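Here subunit A shows up in two complexes: once beside subunit B, once beside subunit C.
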Partner chain A sequence: MIQNDQMSRKDFFHRLGNLTAGAAALSLFPWLESCSAQNEKLSQGEKARLGVIGTGSRGMFHLALLLQDPSARIVALCDDYAPHLEEAAALFPRARKYSDYRQLLDDKEVEGVIICTPLSLHAQMTMDAIHSGKHVFCEKAMAHTTESLDRMYNCWKESDRVLMIGQQRHFDPKYIKAMELVHGGAIGQVVGIRNYWYRNNDWRRPVPSPELERRINWRLYHEYSRGLMTELACHQLANGSWAMNGLQPEGVCGTGSILYWKDGREVFDNVSVVYQYPNGVHMTFDSIISNKHFGMGEQILGTEGTIDLVRGILYYEKSPAKSGIRQLLEKIEQGVLSNAAFAGTSWAIEDASADAGIRFAENVTVNDGASTVGAAGDGSAELMHAFCLSVISGKQPVRIVDEAYWATLLALRGDQASRERKYLTI
Partner chain B sequence: MKDTLITAQRKKREILYFGLCLTAAVLVNLGAILYFGTPWYELFTQAGYTLMIAIAFYAIAAVVRLVIHLFRKA
Partner chain C sequence: MEFIYSTRNPDCPLAYARFGGMHTDCELLLAHCAEQEARSWSEAVEEMVRTAGQRYNRFDPESLLSRINREASLKEVPCDEELFLILQLCRAFQKATRGWFDISANPSSRSAGTGSWELDSGKRTVRFSREDMRLDLGGFLKGYVLEQVLKTLPLPSGQALLSLGGSSSYARGHHPLSDNWPVSLPHSYYPLQNACTFQLLDQALSVSGKDRCGNGHIINPKNGNRVEKEEMVTVIGPSPLVCEVLSTALWVCDEAHRSPLLSDFEGYQANSITPLPDGSAIVRKI
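What follows is the complex of A and B.
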C-alpha cells in the first residue's frame, strides 16, 4: 500500500488533475488553494515539523504516508499504549517519544500535531494543542458531543492556528471531479442523496488482555464513540453539504439497534437515518455490519442523471436516443408481442436503468471492508500533504473546518435521532 | 443433375424486384426518421438496417410470388 501511495509533488498535482489551477474549481473547493502551485513553490525545500499523537492503526496509516512526503518531518511521537508507540518509533527512530500528549505539546520543535486518538479525546486534545500554539490535524469526527464540537470549533475560530480534519474525500480527485459534474449541471437538479455502508465483520480489534478492551475497542462504547454514525457516516454525510453547495439539512430522523453483534457493545450494529433539507431533498445513510453484499455506496441523484461517487461513474437517466429505424422495429416487435397471450402476473419488476454509465475517474480501488483503517488513493495522502503545506505557510485552508463541523454535527444529530427514535431539528 | 439456365430477362426482373424492395426499405427508414424526428444522416448511417429490411421484403415477395405461381400452375 505504501508503495502505491508514493507521492511526489508532481504526482500530487497530477492526481488532482491540475484542479487547483482552475478558478472555477477553487470557487467550488476553496480549500484546494492550500495546495496550489504557489503554496507548493513557497514551501519548496521546507519541511513541516510534526508530532503524532496516537500511533494506533490510523496513526500508523498517516505515518506511512508522511514517510513518503517530502514536506514532512516527524520529530515526536506520543501514545500511552507502549506497544503502539514502539511500533511507530521503529519507523521513525530519531523522533522523540512521549506517553503523555501534554509533554509533546510542550516540545518546542513541534510545529504541527496529528491527532489520531479515540473520538472522545479529539476536542480536548485539539484545544490544548491550539492553546500551545500548534497547528492541528485531527482525525474525523471532530468530537463526540455537540457541546465539545462547538467548544473545539470556537477555540479554533478565535485562534490563528491551522486546523484540518481527516475528511479525505475533500482531497480525493474522484470526488472533486464528481462534484464538478454535479455543480456543472451534468445530472440536472439534485433530488436525492443516498449513502450506505455495509460490512460483515464485528469491527473488533484483538485485545491482548481484558482490561484493555475499552481502550482498544473504543469504537464500540458510547463513552468514547457514536459508532457507525461518527466512524462511517461522518465521511459520507460530508458529500451532502458538498453536493448541495453548502445548504445543510434542517432535520433528521432515524433508528438503529444491536441486531447481530450482541457482544457487550453499546453502539448500534445497524442504523438507518434520513436527513431533510429545507428545499425538500432527502439524504439517507444506511449501515449494517452483518451483511456486506452491497458494500459501500455514495450516490447523488439528479433529474437527469446519477453520480456514483465511490466508483466514479456517471449514469444518465435517458440512454442515448436510438435511431428512427430501430425505434420503429422495436415498436413493431412490441406490437406483435403485446398481442400474444401471456399467462401470469401483470406486475413486473421495475428494473434499474440499463445505462452502462460513463467512468469519469480511473484507478478506482475497492476492498472488501475488512480494512477499517484507510485505502490507497482515497485522498488521505493529498490531505496529509496539504496539512504539511499549511503548517509551513501558516495559512488556513478556506471552509474546510466548516465542512468538517457540519459533517460531525450531522453524524451526532443522526446518532441522537436514531437512539431517541425522534425527528430532530438540526 | 441437369444444368439450370437463368435467362437475362429473369435476371433483370429479379434485379427490378430487389430494387423495388430496397426503395420500399429506404422509404420505411425515411418514414421512421420523420416520425421519430431523428437526424437525416440516418439515411446513410442506418444503411445496414435498410438492407436487412430490403432482403426481408424480397423474401416475403418471393414467397408471395411462389404461391401465385403454384396457383397459376394448378
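What follows is the complex of A and C.
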C-alpha cells in the first residue's frame, strides 16, 4: 500500500516552501488555483462522486490515494479483466462494478471518471465520457496518435467539462519551486534541458495465460502504446515547456532499437531523442531499460547555473563559495569600500570544499524512476485532490490541458522520429 | 595555508590567510599589520583550529570526543582539563538557555535532555546514562575556538576580520575605509545577492540554520525532531562563543521563547532571516 498524507491546501503550499502567499506560484502555474482556499472552502464537506475505468496497477495506485482523500467517494469501478476489478472492489466494496466502460458512463451517480487504461483507449474513452456529461481525469499520455490527440483536445475544448491529465509533476512542489527559480533568473539564460530515465527490468507484468499477453503487457506493443516515449518521456518533456516559458520545440530527431529485451516486444528498449527549440536550445531524452545505474534525471542548464529537478538542487557555475573575504582584500587594495559577503550557516560535514549545491526544496522525495507504477511524494496525491475539487466546483484548471497536449505531442513526434530516423518538424 | 601579503594599497597593507579546518574554510584578513607578524599569527590560528578539529571531531574515531561517545555509556571516562572545561561550559549553557542548547541533541544521538550525561568534577570524568547517547560540539566549537584565539593569541596591531566557515566570525576594529566592518549574509538561493548586511565593531557574528546544502543537522532537544526551518538566525555580540551558542538555541527554540531567552544575554542582538525564492528576504529583529 502506498503511504500518503491527507492533502490540504495548507499542507500543499507549505510543501511549496512558504512561497509568498502562493501568489508567485499561481502566476507561473495557474492550474494550482484549483487548490485555492476558495475552492477548498467551497468543497468543504462535499465529495466528488467518482468512477474508475481501468483498475490495473496504475488504477490501483490512484485508488490508494483516493482512499485517503476526504474529497473523494468512489461509487463505481470498471475493468474488463475480472481479477483486476475484484482487487479494486475489495478496497471499495460499496462501489458498483462494471465490465464495460459505457455502462459506467451511463451511471447517473458518477460525476467524474478516472481513466487508467491502455494508451490506445484514452482518447475514445475520454470523448465518450465528455459526451456523457462526465468530468474526466485521464492518465498520460493523452492519446496514441496525433490525430486522436487533436480530436480529444477539440472535444474537450468544445465542452464545458473538466479534463485533467496524469502529469503529476504539475503538482510536485519541488518542480514548481524549481521553475520559479528558473524564471527568477537564478540560472541565467536557459541553454539546455536534459532528461533521462534508466531502468534495468523487462517492463513486463506477469501473464497468467498466453492469450492475455497483449492485454496485460500492452505497453510493449505498437497497437496500444508508443513505448518509452509515451510512458516515460511524456512526463519529462513537460519540463521543457515550463523552463522555456511556453515556447515549444520546432523539430525533433531520434533513434532507438530493441537491444537487449528481444522477447517479442515491438517497442524500443532504448531511445535517444533530441528536440530543437526555435531559439537554438536543445532538449534531450535518453532511456535504456537494461541499465539502471543513473536512474532518473532531469536538469535545466543555464549560463549561470544548473537545476537538478529530481533532487531539488541548484548548482551555480561559479561557486559563490567561501571567498567573500578574499574579494574584500581586492576591494581594499583598490581603495573601494564594500561589504564582506561571507556569513552563512555551516557547510555540510566533510563537504566544505566540494560544490554540493543548494537544496531549494525541503523534504524532497527523490524518485529514482525504478517503479513502474508510481512513486510516493511525486505530486500524484495533489493532482488527484485537485481533480476532486474541480469535479465538485465544475471549474477547469487553467492551461493544464494545453501543457499535457504539448507533452503528448512531443512524445508522439519523438517516437515517430526515432522509428523513422528522421528530423521531423513539430 | 594560502597566505597573501599585499601593499598594492600603499595606505593600507593587507594580509590574507585561508586554510581548511574543522571541515570548513577559515579566512583571516589583517589590515595595517607587518608581514612577518601577520604570517606568524595566522599560522598560530591555523594550528589552534586544526588541533581543536582533531580533538573534538565526533566523526574522527581517534578523537577524544569519539572515545567518550564510544565508552561513556559503559564507564566513567576521564577527560583532560580542556575537554572537561568544554563539557562544563556546555552544561552551563544548557541551563542558561533553558535546555534549548544541548550537545546531546544531534542526528546520531537518540537521547536528548538534562541528566543524560553526567560530569564528576572531583574525578574529572563524564558518564552517559544511556547507551544511545552521543555528544556533538557542532553548535559550540567554532565559537569556542574563536574565543580561544582572541584570548590566547593577542591580535596583531591594526584591524582584523576572522571567519570560521562563515558561521562564526569576529571583527576587530573597523574596515580601513569605514567606521565598522560591513558583513553581509548572501541569499540562500541567489548567493551573488545579499539577504542582509550587519555592521560589526569589535563584535562577533554567528549564523545558525540548515547547512548550506539544505540539510537540517540540528535536533530540537525538547522533542527530538530534526529542525527543518528555511529561516536562519543571526546573533551579534562581544563573545564569539556566546553568539554561537545563542544562535543555535534561538534557531531551535519556539517563537514564544525567543525574546525571553535573548533578554537573559545582555549586549547581544539577534535577527531572524528567511530567504524567499524571488530573491527577497524577510528580516525580523528578535
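Following the convention adopted for this analysis, the second predicted complex is superposed on the first by the 369 of 426 C-alpha atoms of A that agree within 3 Å, B and C clash if a C-alpha of one lies under 4 Å from a C-alpha of the other, contacts with A are read in each partner's own complex, and residues count from 1 in each chain.
Assume a contact is a pair of C-beta atoms (placed from the backbone, for glycine too) under 8 Å apart; a residue touches a chain by one contact, two chains touch by 3 or more.
Everything numeric in this text was worked out from a predicted model, so none of it was measured.
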item: Subunit B versus subunit C, judged by how many residues of subunit A each one touches; value: C
item: Which superposed partner A:158 touches (first subunit B, second subunit C, both, neither); value: neither
item: Partner chain in contact with A:314 - subunit B first, subunit C second, else both or neither; value: second
item: Touched partner set for A:211, first subunit B, second subunit C, both or neither; value: neither
item: Which superposed partner A:181 touches (first subunit B, second subunit C, both, neither); value: second
item: Subunit B versus subunit C as contact partner of A:329, first or second or both or neither; value: both
item: Residues on subunit A lying within both footprints (that of subunit B and that of subunit C); value: 321, 324-326, 328-329
item: Complex contact set, residues of subunit A against subunit B; value: 321, 323-329
item: Contact set on subunit A toward subunit C in their complex; value: 17-20, 24, 177, 180-181, 184, 186, 313-314, 316, 320-322, 324-326, 328-329, 332-353, 356-360, 362-363
item: Residues of subunit C that touch subunit A when the two form their complex; value: 4, 6, 8-9, 11-12, 14, 16, 18, 20, 23-25, 27-29, 31, 59, 138, 161, 163, 165-167, 169, 175-178, 181-186, 188-192, 194, 197-198, 205, 207-215, 217, 228, 230, 232, 234, 274, 276-279
item: Subunit A-touching residues of subunit B, taken from the complex the two chains share; value: 28-29, 31-38, 42, 45-46, 49-50, 53
